[in-house]
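Next come two complexes, and both contain chain A; in the first it sits with chain B, in the second with chain C.
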Partner chain A sequence: MNIAVILRQVPDTEAVVQPDAARPGSIQEAELKFVLNPFDEYAVEEAVKITEKAGGDAVGFCIGPDRSEAAIRGALAVGLRRAVLITDAAAVEADVVTQGRILAAAIKGFAPELILCGRELIDTSDDAMAAVVAHFLDIPHVLEAVKIEVDGGKATVTREVEGADLEIEARLPVAVSCCKGLNEPRYPKILDIKRSRTKEIKRLTLAELGLESLPAKSRVVELRLPPARPKGIRVDGEPAVAAGQAAEWLSKTAKVV
Partner chain B sequence: MGGILVWAETSKDGMRKATREAAAVGLKLAEQTGAPLAAVVCGATPEAAAGLGRLGFSKVYAAAGPAFEKYSSEAYAAAVADAGARMGADVFLMGATALGRDLSASLAARLDAALATDVTDIQWGKTPLTVIRPVYSSKLLAVTELAAERKVLSLRPNVFHAGAEREQTAQVEPLPCEAANIRAQVLRAIEDAGDALDVTEADIIVSGGRGVGGPDGFKLIADLAQTLRGAVGASRAAVDAGWIHYNHQVGQTGKAVSPVLYIACGISGAIQHFAGMGSSKFIMAVNKDKDAPIMEKADFCIVGDLFKVLPILKEELAKVVKTN
Partner chain C sequence: MDFEFSDEQRMTIDGARRFAAERLAPVVAELDEKGEVNLEALKELGSLGYLGMTVPEEYGGSALGAVAYAGSMVELSKADAGTAVAVSVQNSLVNDAIVHFGTEKQKKEYLPKLAGGEWIGCFSLTEAGAGSDPASMVATAVRDGGDYVLNGTKNFTTSGAIADAIVVFVRCDPQPGGKGLSAFLLTKDAAGFQVGKHENKMGIRTSSTTEMVFSDCRLPAEALLGEEGKGLKIALSTLDGGRIGIAAQAIGIAEAALDESVRYAKEREQFGKPIAELEGIQFLLADMATDVELAKTMLFKVAWLKDSGHKRFTKEAAMLKLFASEMAHRVCHKAVQIHGGYGFMKEYKVERLYRDQRITEIYEGTSEIQRVVIARNILG
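Coming up: the complex of A and B.
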């Protein structure tokens, strides 16, 4: 079974990100450490797990600048066969619907039965990619999977909504976004890391995909820091006294009781 | 500007709170721009559809039939797009609930629209429509101009205020339902045990971290949450230790929440956790470590042993709750 895995390189989760005054809508990148989008790790693991069992190839598809190769190499070390990288600035800077259209065009020829991606891109906080790619490939999608079972031309996927778990049956091919809880991503072995260096990362351009005119649907005009929180009240007396003060604050200041 | 269409999401007990919030945003936008406003609802009874008048809608498009008994991205997006075409809508609003996020994605792709998910603010009066949404795990806010002709917005629950209900019945227009080609179908919904409130829609969240010590410690958290009629949250450390289900996790790899009050108990407040709850209106922290990062961010900090403080706090609050 062939599986496409959508990848993104993002700033490390512990990174402090700052707006770049010189480039409105962008962050300062000079000191940043980048990693594979944390939710993509579940997608990569699931793809490798399924292809190990059922055969077929798992191939990565990524939109991002040149530096994205480092994150892609990590996914190749875990077990993706090869990867495709699109570095055109127009693609890198595009909104999620446009990026989904581009990825769909790149994935189409590979004709996978399953398309996996992370639940959310932790840089742009977009969680729509699986649905958008599915739309442009005219296939169904399921978001936020915590369980995927593929059998006989269909996938049974479990996702959580408020107050319930939904069990969804989808015809293949299907695009699924992956949540924490789906699996335990493995750490690649040294030998796999060495081997991954010879795996192919193919560059693809928007021109090659026949997608040269992509008007921007939306544009981040400014990135700003959230308002700083004022310094709080601190109590450290006897538990009974502190609890009493807290109860009073909850009632008089926060007004929640 | 064309019309404004709000997707009304139903729940077991009527309309979701997030729908009431989206209705209020729709009303304000309609008032400011003079654009017509309507709602679309799927799988609701005609009475429930007409009842949307109470949220301020005079017109409601209703899709009913077997295809709408359970949520499906394909049938629901088709119905919302159909209603949008009928009224000439170019702005589509919904709550950023689990299904709202799914629908907004399908709809935006189908309409080739600008998509803004988890919106926390709108720059009223700007053209083109300009919204603010948290990015980089809420470490930054992105002021985003939605230039495309059609715009799909999902609004973060608990951020926008729902308006007062009105004495009004909406005119209901049924949508003809052609047999949609549904390729992803909900087989069954496994309801959570009890009526545990989800953190994303809760006004009050009491959350536990490593300092809670284990599943037993979460009973203290749940007790306090119950007294405050709030939801139970957790840090990644507590979830990874297996003390509580992932459903409850708040933070970068969990859920982003914006309650009125967030009480962090035994949570150090790493940047990844703060990312998920930093937009709470009030933050209270209970922690033994006076230097824990959460103590720098909280509005009210109790330096002390949560096992001693929480039971007393619960009793104090129970008294107040009772007298109210």
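Coming up: the complex of A and C.
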């Protein structure tokens, strides 16, 4: 079974991001550490697990600048066979719908039976990619999987909804976004890290995909940090007195009661 | 000059960090209290390649070199210095001794199992009366026909209770001095060998430390590691590499103490504000961070010297081990001070870090021996 895994490199979860004044809508990248989008790790692990059992190739598809290679190498080290990287600025800077269209075009020739991605990008919080790619390939999609079973030309996907598990059946091919809880991403073996260097990361251009002039569906006009949270106040002393002081502060200073 | 890790080194060190956070950190406090080894995690590290980082691939190693090894050791030590010392012993002392001095047969028999974590190894040099002065050891190997018969008790052997493979140093020549020492390589099932007393330690309590008792332990001549009479040379040259591992361990402990202190200083309020706003605390933190950074820079320099192969690095390894271990002492001392009374309590991580740090100034060459080595090198 062939599986396409959509990958994205994002700033490390602990990174402190700052808007880049020189490039509106972008962040300062110079001192930033980048990693594979954490939710993508579940997609990679699932793809590797399934192909280990059922055979076939698990191949990564990524839109991003050159530095994305580092994240792709990590996915290759834990078992993806090869990867495709699209670095055209027009693709990297595009909105999620346009990127989904580009990825769909890149994935189409590979003809996978399963397309997996993380449930959400932790930097932009976009969570629509599986649905968008499915739309452009005219295939079904299921979001937020915690369990995937593939058998007899169909996938049975479990997703958690408020207070219950929902089991959804879809014919293959299907695009599925992956949640925490789906599996335990393995640790890379050092030898596999070394061997990942010999695995192919193929560069694909928008021209090769016949998608040179794609009008943007939307664009980010500004990126700004939320206003700093004001410092709280602390009321000490005997409860009877302190409660009075707190009430006074709430009514006179904060004016919320 | 290039201070960047290669992709492979970075991915390997990141892997160690994630493993440490997920597999070591959650259980270390409990295992420290009980004095138990995390053998499952140690073996898993082996299956990932972290126990064979300087073993050539043809012998089952991951062969990524000393820089990646040093960086991984720092990450493992930040979470669990006891498990980390077993990793250091296996890589630096056991594997390296076999890689450099073993016969082809010994390499093929031992290295794949050690590098893959199927076997745990130990390095048995110290005796009750022979610590800093290994040449004064009294355990013997007597030639008997084609065999050697070993007798005596070694002590303070790291990973003694869990070891499958043992590198042991004994005296073949009854004349006193270093010339009569030889190294042997054996497995734990050798008749006449048994694990002796288990030590109850102040720190690194998630590592095993035991006596190793040899009573008429008969080994074939092919169990000799290197040439007869060259044991002291093997021990000393192997310990050069060991110092990278122990320095990395000390740096990991210190970095963990620094991280804990920064977090605590921001949270803890006294005099109506976080103590991180007090200059007295800021100066402590600044000195700690500077200490850790300098030691780390020297760590990767010495690891690079080792990876570059042709250069001698005895003096630099001694300087590194001396500085890193005493640095960790200073940093852990300040970390407990910043935590105040809470730093003295077992609920806080710095209490364990303070205990774990202490041995790094002692084993694999005390600070005093490192100074002797450095002085000899600069005086010629």
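Here is the rule we go by: the second predicted complex is superposed on the first by the 232 of 257 C-alpha atoms of A that agree within 3 Å, B and C clash if a C-alpha of one lies under 4 Å from a C-alpha of the other, contacts with A are read in each partner's own complex, and residues count from 1 in each chain.
By our rule, contacts are C-beta pairs under 8 Å (C-beta built on N, C-alpha and C of every residue); 3 or more make two chains touch, one makes a residue touch a chain.
For clarity, every value in this text was computed on a predicted model and none was experimentally measured.
Enquirer: Which of the two, chain B or chain C, is in touch with more residues of chain A?
Expert: Tallying touched residues of chain A, the top partner is B.
Enquirer: Report for A:D123: first if it touches chain B alone, second if chain C alone, otherwise both or neither.
Expert: A:D123 contacts chain B only, not chain C.
Enquirer: Name the contact category of A:I201: first (chain B only), second (chain C only), both, or neither.
Expert: Neither partner.
Enquirer: Once chain A of both complexes is superposed, is A:A90 in touch with chain B (first), chain C (second), both, or neither?
Expert: After superposition on chain A, A:A90 lies in contact with neither partner.
Enquirer: By the touch definition at the top of the document, which applies to A:G244: first (chain B), second (chain C), both, or neither?
Expert: The first partner, chain B, only.
Enquirer: After overlaying the two complexes on chain A, where does the chain B footprint on chain A coincide with the chain C footprint?
Expert: none
Enquirer: How about chain C: which of its residues touch chain A in the complex?
Expert: For this pair, the touching residues of chain C are 7-8, 10-12, 15, 18-19, 47-50, 53, 57, 62, 64, 68.
Enquirer: Using the touch definition from the top, list the residues of chain A that touch chain C in their complex.
Expert: Interface residues on the chain A side: 70, 73-74, 77, 187-191, 193-194, 197.
Enquirer: State the interface residues of chain B toward chain A in the complex, per the touch definition above.
Expert: Interface residues on chain B, with respect to chain A: 11-12, 71, 73-74, 97-99, 101-102, 104-106, 108-110, 112-118, 130, 133-148, 183-192, 195-196, 198, 200-201, 203-204, 228, 246-247, 249, 252-254, 260-261, 270-272, 278-279, 281-284, 290, 295, 297-305, 308-310, 312-313, 316-317, 320-321, 324.
Enquirer: In the complex formed with chain B, which residues of chain A make contact?
Expert: Chain A reaches chain B through residues 11, 13-14, 16-17, 19, 25, 27, 38-39, 95-97, 100, 122-128, 130-132, 134-136, 139-144, 146, 156, 159-171, 174, 180-181, 215-226, 229-230, 232-236, 239-240, 242-244, 246-247, 249-251, 253-254, 256-257.
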